[in-house]
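Both complexes below contain chain A, partnered by chain B and then by chain C.
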Partner chain A sequence: MIDKQRNIIDFTLAALLRRKGKNAALLVSYTLVVALLASVMLLTQALRREAGLVLQDSPEMVVQKLVAGRYDLIPLEYRDKIAAIMGVSSVVGRLWGYYYDAGVGANYTIMAPTDSSIAQGAITIGEGIARTRKIGVGDLFPLLGADGQTKLYQVSRLLSSESSLVSADLLLMAEDDFRALFNIPSHLVTDLVLSVGNPSELATIVRKITEALPDTRPVIREDVARTYDALFSWRSGILLVILFSVVLSFLIFAWDKASGLSAEERHEIGILKALGWDTSDVLFMKFWEGMAISFSSFMTGVLLAYIHVFFTSSALFQPVLKGWSVLYPDFRLVPFISPYQIVTLFFLTVVPYTVATIIPAWRAATIDPDAVMRA
Partner chain B sequence: MALRTSTTFFLFVTLQIVLLGIMAAHAASRKIAAIPQITEKQMMVRDYGLTDLCLFTEARYTRHPSLADQHSPFQDGPLSFEHFPSGTLAGPPPALLVRANHD
Partner chain C sequence: MTMIELRDIKKVFNAGRPNEFTALYGVSLDIDGGGLTVLKGPSGSGKTTLLSILGCMARPTAGRVLFQDQELTSLPERFLAAIRRQAFGFIFQQFNLIKGLTALENVMIPAYPNGEKRFRIEGRASNLLDAFSLKHKALSNIEWLSGGEAQRVAIARALINDPAVIIADEPTAHLDSRLSREFMEAMLRLKGQGRTVLIASHDPIVYEAAGVERVIEMRDGMVINEAGAA
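== the complex of A and B ==
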């Protein structure tokens, strides 16, 4: 049995090699389609998992104030009202915002840590800012204040490049400096961060906050987690477009195969049948043909995708990911590979192609060889 | 003696399976090696109360998608099209979609 299969495989591969150019082109395009789809799957899976791990200790709840549908600074008296709600352990005001650096065209996230760990006049910057502005520890960094005056700050520390995925554009400064830079009065903060003693009371606390302060919007940690799950799910934005293109490519491959065999291939099947091959032998031959092309393309495509995503930091996707951003985190993702995704990819790519190869061959192989050869 | 074509094919498939195994081993080792970096990022998130990954810095609603408001993608007008490339990558947060459906 094994010898028979090996003979069929020998014959199949010889037949494939006879049409070298056509099959090589098919193999290359098939591999690239698999590599594209696998790259998207590996990248999104790695981002989702890393977001889940890194953000698991993000604030339990953030409360923001809305004015005319847009966020506004929140008065500290809101903090006292929320702190009085039963079940709320602590409420802390956060000061953060965005700064557009016209010099380089980059956006920074500026934040004043609540622990007063940064001295006045000093700033801590993320790796992305240091790279974009080509500055380091000890250098002076000018920022244009809300009053039109340029203020100088000394870089006291650089955040590590390993933390770039959360801190590339982060600029940390003292609370007084932050308020002076953006001209924010001392009774206002950007938003409030809550911690709750019992997580099961979270829904009740959200309801109480929105009832007591209808112009606020609470965002719970679960929302943050769901955002990152949805952000890179297959249904989001461009991923859906890529998925459609890939599915369409496979439909074209499969249609090409399923729409029938070429006259040459039908003739070949007729000769094989006339020489004494069974229908099952012909089907095995077509099965091995489909497997040889789709399995090789699948394996090579997955390997190429892995190298692309985790060794070159998704170099081909960089222009799409960067968009108009001047400041972009230079990060290496941790390869979180889900076996479920690889199996899904296998069933999406190898199985349909192999089946589409066998069906027309089965139709040709069940017809009388004489009729096939004369057709 | 020249190898049979089927033998060469099976050797090629075996090589690919071995490479896939090496890939899985590499992924596992990178995961272990990345634990200190993940911990550092977790500490930063905890210490500074961060809510989002720094993936797209071009617009505030893609820099902090979890804190985005419903109107920010249309900041130039209620009927304006999304004009930041990352807006096509990052869909709206589910919390906002749920709210929009309820509205």
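== the complex of A and C ==
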């Protein structure tokens, strides 16, 4: 049985090599479609995973203040009220915000670490900002304050590129500088970060906070994770819609090639049957033909996608899939492949093509072998 | 000894349709093993249809076919395919070699479903090409071969599974007289090896050739005359 299949595969490959141009065109377009689809899947999955890793280090709960349904600065006195709730280990106020740099048309995320690690007048910047503004340690960096005055800060440190997905557009400054820049009074902070001793008490603590401080909104880490997930799904959805037309045109081409047997192919099937090939032998031949094209395209496509996503940082569709900031981090994702996705892609590409190859051959393979005598 | 028996064979194409056509009207025939028989007759006389039924390529609409005392008419397709592959070697009117493949690959085709090791099949195919003085053309594509070379490749292909019966349908239709005579010489050699040779032809070079033991004349789907050696 194995030798029989090997012989049939040998014959199939020899037969495929006869139509080099046609099959090569099919192989190339098939590979590109698989590569594009696999790139979207790999990139989305890797970003999702990266975001998940980032979230691991993010606070368990953040409390924001709402005014008329809008997010507002939160008074520090809220911190003390929340700290008094049973089960809350610590509450820390955070100062952070966004700054639009009209000069380069980019948004920065500005934060003031609470540990006073940054001296007044100094700033630490992410590699995206350094790259865009072409500045480094020791350079002066001007920012326009809320009072309309330009303030100068000296770059004291660059953030390491290892964390560039998160920190590319990050600018860190001292708390006093932050308050002065954005004109924020000393009794207000952007939000409050909570840590909770027992994670199973989270729901109770959320309820107690909303009861005690009805104008606040506690956001737990799982909510953020869900938002990230929805965001990446939505973005990959957009990309898939764009790819849809490409995939569709390929499918029409492939279906036509795979399903439409030419008169010559029909005649050859007739010859094989007349020479003693069984219907199942012909079907095996067509099966191997479909597999040879679709499986090799699949493997090459997945390999190309892997290189595209993890070695060229998804050069082709970075703009769509990454964050809203214009400072795209120059980073490489950690290679990660989900077997589930590969299997899904296999069933979406290899299986339909192989079936499309076999069905018309089955019709041709069931003709009487004497048709070739009468032709 | 009778190798193939045909009993009251009737073959109707497109039965029940407006273009219904009866190709054979109750033909009965016994073919002995080891001889060279020619089915002679004009186009449309039913020669090719009869050869198809003899060679397990088509089933009769009515009647029975026995090969070495085994009833073939009711066998499932895969058994018929196996018998067709093992017991019969076919040479077609236009040789029906597969374009784009080499002579060697073409000769090997009928042996692929046997489940043998490839090197064994390749060895047999090379020997056959050698026997027909075609070893130097083994790796040439079929379309590069001359008419005579293609004909010999077709004969070699018919012999790859060492069949007991050789069936040739109008094999000289596209050959000149010299190549037609060469073809008949090859058939006589096969007969000399103990094989049964059945040829359908209306070419006098075939049915008048020395060594032809039996000529069965057909017309309008019936056997109208039968003669011994010419």
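By our rule, the second predicted complex is superposed on the first by the 331 of 375 C-alpha atoms of A that agree within 3 Å, B and C clash if a C-alpha of one lies under 4 Å from a C-alpha of the other, contacts with A are read in each partner's own complex, and residues count from 1 in each chain.
Definition applied: a residue touches a chain if its C-beta (ideal position, glycine included) is under 8 Å from a C-beta of that chain, and two chains touch if they have at least 3 such contacts.
In this text the structure is predicted, and so the values were computed from the model without any measurement.
Q: Touching A:R6 in the superposition: chain B (first), chain C (second), both, neither?
A: both
Q: Taking the superposition on A as described, I'd like to know which of chain B and chain C A:D368 touches: first, second, both or neither.
A: So A:D368 only meets chain C here.
Q: With both complexes superposed on chain A, which partner does A:V196 reach: first (chain B), second (chain C), both or neither?
A: In the superposition, A:V196 touches no partner, neither chain B nor chain C.
Q: Does chain A have more residues touched by chain B or by chain C?
A: It is B that touches the greater number of chain A residues.
Q: With the two structures laid over each other on chain A, which partner does A:A174 touch: chain B (first), chain C (second), both, or neither?
A: neither
Q: Touching A:K273 in the superposition: chain B (first), chain C (second), both, neither?
A: Second partner only.
Q: Taking the superposition on A as described, I'd like to know which of chain B and chain C A:A14 touches: first, second, both or neither.
A: So A:A14 meets both chain B and chain C here.
Q: Based on the superposed arrangement, let me know which partner A:I293 touches: chain B (first), chain C (second), both, or neither?
A: A:I293: touches no partner chain.
Q: Between chain B (first) and chain C (second), which, if any, makes contact with A:A38: first, second, both or neither?
A: Neither partner.
Q: Could you give the residue numbers on chain A that contact chain B in one complex and chain C in the other?
A: Residues 6, 10, 14, 17 of chain A touch both chain B and chain C.
Q: Give the list of chain A residues in touch with chain B in this complex.
A: 6, 9-10, 13-14, 17, 47, 50-51, 53-59, 62, 64, 66, 69-71, 92, 94, 98, 106-109, 111, 113-115, 126, 128, 159-160, 162-170, 172, 191, 193, 217, 219, 223-224, 226-231, 235-239, 292, 295-296, 299-300, 302-303, 306, 310, 320-321, 323-329, 334-337
Q: So in the complex, which bits of chain C are touching chain A?
A: Against chain A, the touching part of chain C is residues 48-49, 51-52, 57-58, 77-78, 81-82, 84-86, 88, 90, 92-93, 96, 98-101, 105, 109-118, 121, 157, 161, 169.
Q: Help me check something: in the complex, which residues belonging to chain B touch chain A?
A: Going through chain B, the ones touching chain A are 4-6, 9, 12-13, 16-17, 19-20, 23-24, 26-27, 30-31, 34, 36-38, 40-42, 44-58, 60, 63-67, 69-72, 84-91, 93-95.
Q: Looking at the complex, which residues from chain A come into contact with chain C?
A: 1, 3-4, 6-8, 10-11, 14-15, 17-19, 264, 267-268, 271-281, 368-370, 372-374
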